[in-house]
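Both complexes shown next keep chain A, but they swap its partner, so chain B is in the first and chain C is in the second.
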Partner chain A sequence: MTRHGAPGSAPTAGRGRWRDLRRLLLYTAKRLLALFVTVVVGVYLTIVIANMGGQVDDLRRVQIRSEAAEAARADPAFQDLSPAERNELIQRQVALEVERLRLDEPFLVRSVDYLQRALRLDLGRAEQMHSDLGSRAVRDIIVERLPATLLLFGTANLLIFFVSVFVALWLSRRYGSALDRSVVALAPTSAAPAWFYGIFLILLFAFVAPLLPAGGMVAVPPPEGRWAYALSVVRHLLLPVSAMLLSQIFISIYSWRTFFLIHSSEDYVEMARAKGLPSRLIERRYILRPTLAPIVTSFLLMLIGLWSGAIILEQVFNWPGLGSLLFQAIGHRDTPVIIGGVVIFAYLLAATVFLLDILYAVLDPRVRLAGGRQ
Partner chain B sequence: MRGALWQTGWRELRRYPSALMGMAIIAGLLVLALYTVIAIPYPEAVAKWRGSEAWQDNPVNAAPIWLDRLVGGDAPRTQVVASEAAPIEERVFEGGRRLRIPLAFDYDAGGFPSELNLFLHAPGHEQPPFVRLAWHTPDGREIALGGHRIGADERISISQDRALERRLGGLAPHIGLLADPEREEGQPQVLPGRHTLLLDVLAFDETAAFDAELVLYGRVHGIAGTDHQRRELSLALLWGTPVALAFGLLAAVGTTVTTLAIAAVGVWYRGWVDATIQRLTEVNMILPVLPILVMVGTLYSTSIWLMLGVVVVLGIFSASIKMYRAMLLPIREAPYIEAARAYGASNARIVLRYLIPRILPVLIPTFVTLIPSFVFLEASLAVLGLGDPLLPTWGKVLNDAQSQSALYNGYYYWVISPALLLMLTGLGFAMLGFALDRVFNPRLRSL
Partner chain C sequence: MSETLLRVEELALHYRTRQGAVRAVDGISFDVERSEALVVLGESGCGKSTLAKTLMRVLPRNVGHRSGRIVLGDVEVSALPDERFRREVQWSRMALVMQASMNALNPVVRVGEQVAEPLRVLRGWSRRRALARAAEVFELVGVSTDFLARYPFELSGGMRQRVVLAMALIAEPELVILDEPTSALDVLTQASIMNALKRIKRELGTSFILITHDVATSSELADRVALMYAGQFVEVADAARFFAEPAHPYSQMLMASVPRLHQRLRPEPIPGQPPSLFDPPGGCRFAERCPHRFARCDREPPALPFGDRHRVRCWLHADDAQPGDDS
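So, the complex of A and B:
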């Protein structure tokens, strides 16, 4: 930190620190503003896309009309109304529903309203969907699906992350061994996404050799007792987690291994080796420490990636997570639910990016300087 | 000089067996795609896949023939017995004629057919003719199948005849009619020999044509089997190849080229241009790609070309802009750029001829590995039920299989064959891409 102040004299060092802090604050404020604008634009774009620029409104009006007409026809209480009366009834129902969904306002007004409420994280109420407990609040619907997604993707991604980093570190020491070569050879298998391996796993372990359930999160009916329940969930977890593992582990090990190899051929590492430091120390101090920033970055990005779940893997395994929630919401054209999912993801992403920016600025004097000078 | 670079690249590439294998797979797929497009023209493929009369002689959900033969099976193929080849007895009387059409066939397959249908065509008759059916077994039994009045085009589903099923002791007609009556206990066995379906036709017209076609649907069909609508899967598997390759290639070209060009423009002009591009990239990071594609699919149209457009548009400001930017920044200050400026090259010329070509070699591996991810993206959309409405694709076959519970019903071939093709495509491009990465990425070359 004292690189910019003259070394030795206390007052200048203090001034240098103050200047650094001011630059850091300025940089922070700029980044915050930029990220906020990014979130606003991103969320607004999603709102516009989710409504196809207002075209969905016409679609929904037609739908409301036909549903109201159908309801009036099917209800025996309205059987002996005259056509004129029935028409008026339908009109009234349609008007009520249009008002409930606020379709009478122009889309532009509504989109801005959606935006400001979304930004305040006031997620509002779903239009068509409801949670399994019957709540219409978007918050309840999302909260209900969150544990399932966190359980599946948390388990799988943490497993993939830590296994691949440690295996890669170990392999980078045994560079060129048979195991290393086979990981390199297996890396292209990651071209296929997890759901693809999921289909094969279901075929093998649920149908050819019926050992594990083909889908769902818990047996039906759910077993009594906490342990039996947990065991059933674990059995249901095995296939989707292995599918994700299969599709990502090799590429992940491969890229970390390459990354570590590049860093362990740096001059200062060679120097440490020449000094005869033990390999464990070299690994910890000379390889892991300078590469910590990218590792932390990818770890954090992996964590927020959990939020979006994975639509297709969840569909294939019939997993009640956020991905399939989003898919259902799109099918129902339930704008508040779609926006709710996206806005939370946007905030999480922005928060992570901000955290990383600050972390880099604190850790890396080059970034700090560049940020202050701009 | 650039030619030399490519040559050394090729020489190095040849040292990787995975690259050669990947190229062989890609070449094979390209040949297959070309053959398909030439052999089955686009309109024909689309029309056939929509479902038509063309498939009516195909069995439902039949496995590929070679799969059955490979495990030593002897499952029956489809047999069509037409009246044209049959010795027809004809007796004319006042105001009409009487035809006796024996539809005889030898049956000695290892299993029973999956279905029995009789198609009758009697065009131009003033009054509908009447036909009485009788089944003659090789051991001399005669089983009456009842009478029917025939329209111009009639289909008699013998397999669906519940009364006949009861008379045959609860065996479905396509099993009971061909079974050996001596072996009552256990599984019914095929009675080999010459079976005959005798049609006794009473036509009230002396000249109008009458022909019949008995179809004994097999349990195996063609090289890829059939689906629930009797369609040959081979058509979809074949046509899936050019569609997948075209989608993957176009999407990869569209996204990488535009992204690279934008990154280069940003690096060259700096200032607000660069800042705008950076901010747009960050906004794009927040937009969820797959949900947007699903939205476009549900709300607009699932046409594959629209999807391609959306993929490219969303890919323009992708995160790789940052990577290209980092690569281009040092090049911007290189002396040869300064030389170009000194001789008065225009901005566009510098961007297009000096900046972009410089990092193209680094880009090629990324480009090749991108292709399979787009191929799988198309399949993913199709599996979600958002496949192209017209074109047969691999993903749509998978989606059909999933919606018909193919795994549960044991039609494994229906899932495995499109999945294998997808895997092959993915592996081919990924293997080549990884090898290219090691050749073109100087930092990886020694590793």
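So, the complex of A and C:
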């Protein structure tokens, strides 16, 4: 560099940029690796637990034996076999089935096999359950239930999130008012879960005053025509959405309001007031903007939380979503369905966390710049 | 040149609390001339910051009582409704450098944008024009214009303080209120900021109200000194006079408590505690701690004139009063 005379700033800047880029790539790679390991551990634990550490195999073997025996007894072709021959036949059938399901291999080996198939998103086939169209593929079963859950929880959670953030921001500017104090007083109502309110809502609005349907997603038989169908779905949505709203809105407003209250007592907010900025601008640039990172985090986590649905609420409202699917799968000990659901959730969670890492850097210069400098 | 810029008459501000009213500012009158620096001295909790906030109208919500007149130039500012005050006076004629300047900048907005913001919002200037003006003010307070595109966390404490000062000067206000601007900084940085303030006063003719508890640092900038005690000004005087021969017993004791170079005597502490502002004592508020206390101190002294632009709240300086007088 001394040959160029001037202490060349361009090469230095270029080298600095290259160094930053390398550091960024290294950081990204590290994060991805860490998240991948998390997903692997999570999925593997699920496989072990859903198979009860291999004990489900014993149950399954007993089941195969009894099924083979039943089949041998029921089949007229085998009526005239001697007991020894029949036993041998059953033995052969069982061995065949055991080999087909690879139950002869140790669970440890198969669990690793499950794991790598699960990680490739090869969800496999359900053992007992099937989709309403009759498909045994776990993917089909899940995809069939997904829209119902997304519709119900998407509507309710988006409503709760946006209503509570904006009401909270509004309240935090008027804390101590009668409205604010009543929200604080109502916050403990969220101690009861949504299904608890659901039961009372069903009692009140479906039986005492039969205005709305008690459960299901659409009237039976489904109404003809797109609009009539949509209207029916909306009518079925009202009660479960209200139940979720009732159980979550107050605590949500309360916690966001406290969050905004803490952040609106920052010195720079008071400075903005002294600067004579209009209060809308203060809310937007001095309260919302510095706190965007936690808000976005909770929004994204809420979004992927939709995936799991809610087991009891869906049962109470007889809603054909993923929550009740999981409930049924656990009842049937249908491990591929359980594992399939968890695998997708694990991937969604990992992708969200990775996205958040990037979003933090975009939203907050302290993350972006300090990370590149030290 | 001795044109009065700010006149404050009988300003009072009380906070509402569960225990009752806190009389943080209780009947303060003073004036500031153009291109003059008034230093408000006082102990912690005597109402200094409340005075600044009352002038700028950035008060918390629990204000119980507010009265008095504030006249800036020829406008009675205290009579303006909030919205007009915000548009016409706040920051464009009167600016504030807050006590906690370290944290006075929005952490996620570039420093230059924040400094230029009042011009863009209050005057509707274009971004380019406002940023050019911000660069000018940065040079005025001694910050490199490279910092315009930086974020607050990239600046040192002294730099941040200068940026906040630049923000206060951006709209060329006639009056800048500085609430303990240097108390969080080291001595060298304090001195260089004080020098910047002196230069700005000289070059731009800006008036300052400097609120502080630091007698030594304030003496550099002061033209006038007001000493505050328990929500009241006990003495207002020219700086030279105040530092040389303070009239109020509290001023005398305060000056005696300041350590000086080449001083033989030990600095004298002032015994006792300032009174609670919940329910200040009936008579003179300093009487409890005053060595010259006499019977008349049970009644509240008015701000008695004591020479040219010099007022003292003490019966010792009443024309007809002598210690031992029982009237």
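The rule we apply is simple: the second predicted complex is superposed on the first by the 304 of 374 C-alpha atoms of A that agree within 3 Å, B and C clash if a C-alpha of one lies under 4 Å from a C-alpha of the other, contacts with A are read in each partner's own complex, and residues count from 1 in each chain.
Going forward, contacts are C-beta pairs under 8 Å (C-beta built on N, C-alpha and C of every residue); 3 or more make two chains touch, one makes a residue touch a chain.
All figures in this text were calculated on a predicted structure; none of them were measured in a lab.
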Check your understanding: So, does A:Phe354 touch the first partner chain B, the second partner chain C, both, or neither?
Key -> neither
Point to revise | Of chain C and chain B, partner touching more chain A residues | key: B
Point to revise | Which superposed partner A:Ile312 touches (first chain B, second chain C, both, neither) | key: first
Check your understanding: Is A:Ala346 contacted by the first partner chain B, the second partner chain C, both or neither?
Key -> first
Exercise for review: Considering only touches as defined above, state whether A:Tyr229 meets chain B (first), chain C (second), both or neither.
Suggested key: neither
Check your understanding: Counting only touches as set out at the top, which of chain B and chain C does A:Glu266 meet: first, second, both, neither?
Key -> second
Exercise for review: Determine where on chain A the residues touched by chain B overlap those touched by chain C, and list them.
Suggested key: none
Point to revise | Complex interface listing, chain C residues touching chain A | key: 56, 58, 61, 86-87, 90-92, 95-96, 98, 100-101, 103-109, 117-118, 121-122, 151, 153-154, 164, 167
Exercise for review: Please name which positions on chain A make contact with chain C in the complex.
Suggested key: 176, 266-268, 270-278, 281, 285-286, 289-290, 363-366, 369-370
**Study point:** Parts of chain B lying in touch with chain A, wherever the complex brings them together
**Key:** 18, 22, 279, 282-288, 290-292, 294-296, 298-300, 369, 372-373, 376, 379-380, 383-384, 398, 402, 407-408, 410, 412, 415-416, 419, 422-423, 426-427, 429-431, 433-434, 443-444, 446-447
Study note, to complete from the structure: chain B partner, complex, touching residues on chain A are 34-35, 37-39, 41-43, 45-46, 49-50, 52, 55-56, 59, 175, 184-185, 187-193, 195-196, 199-200, 202-203, 206-208, 214, 258, 261-262, 265, 308, 311-312, 315-316, 326-327, 330-331, 333, 338, 341-342, 345-346, 349-350, 353
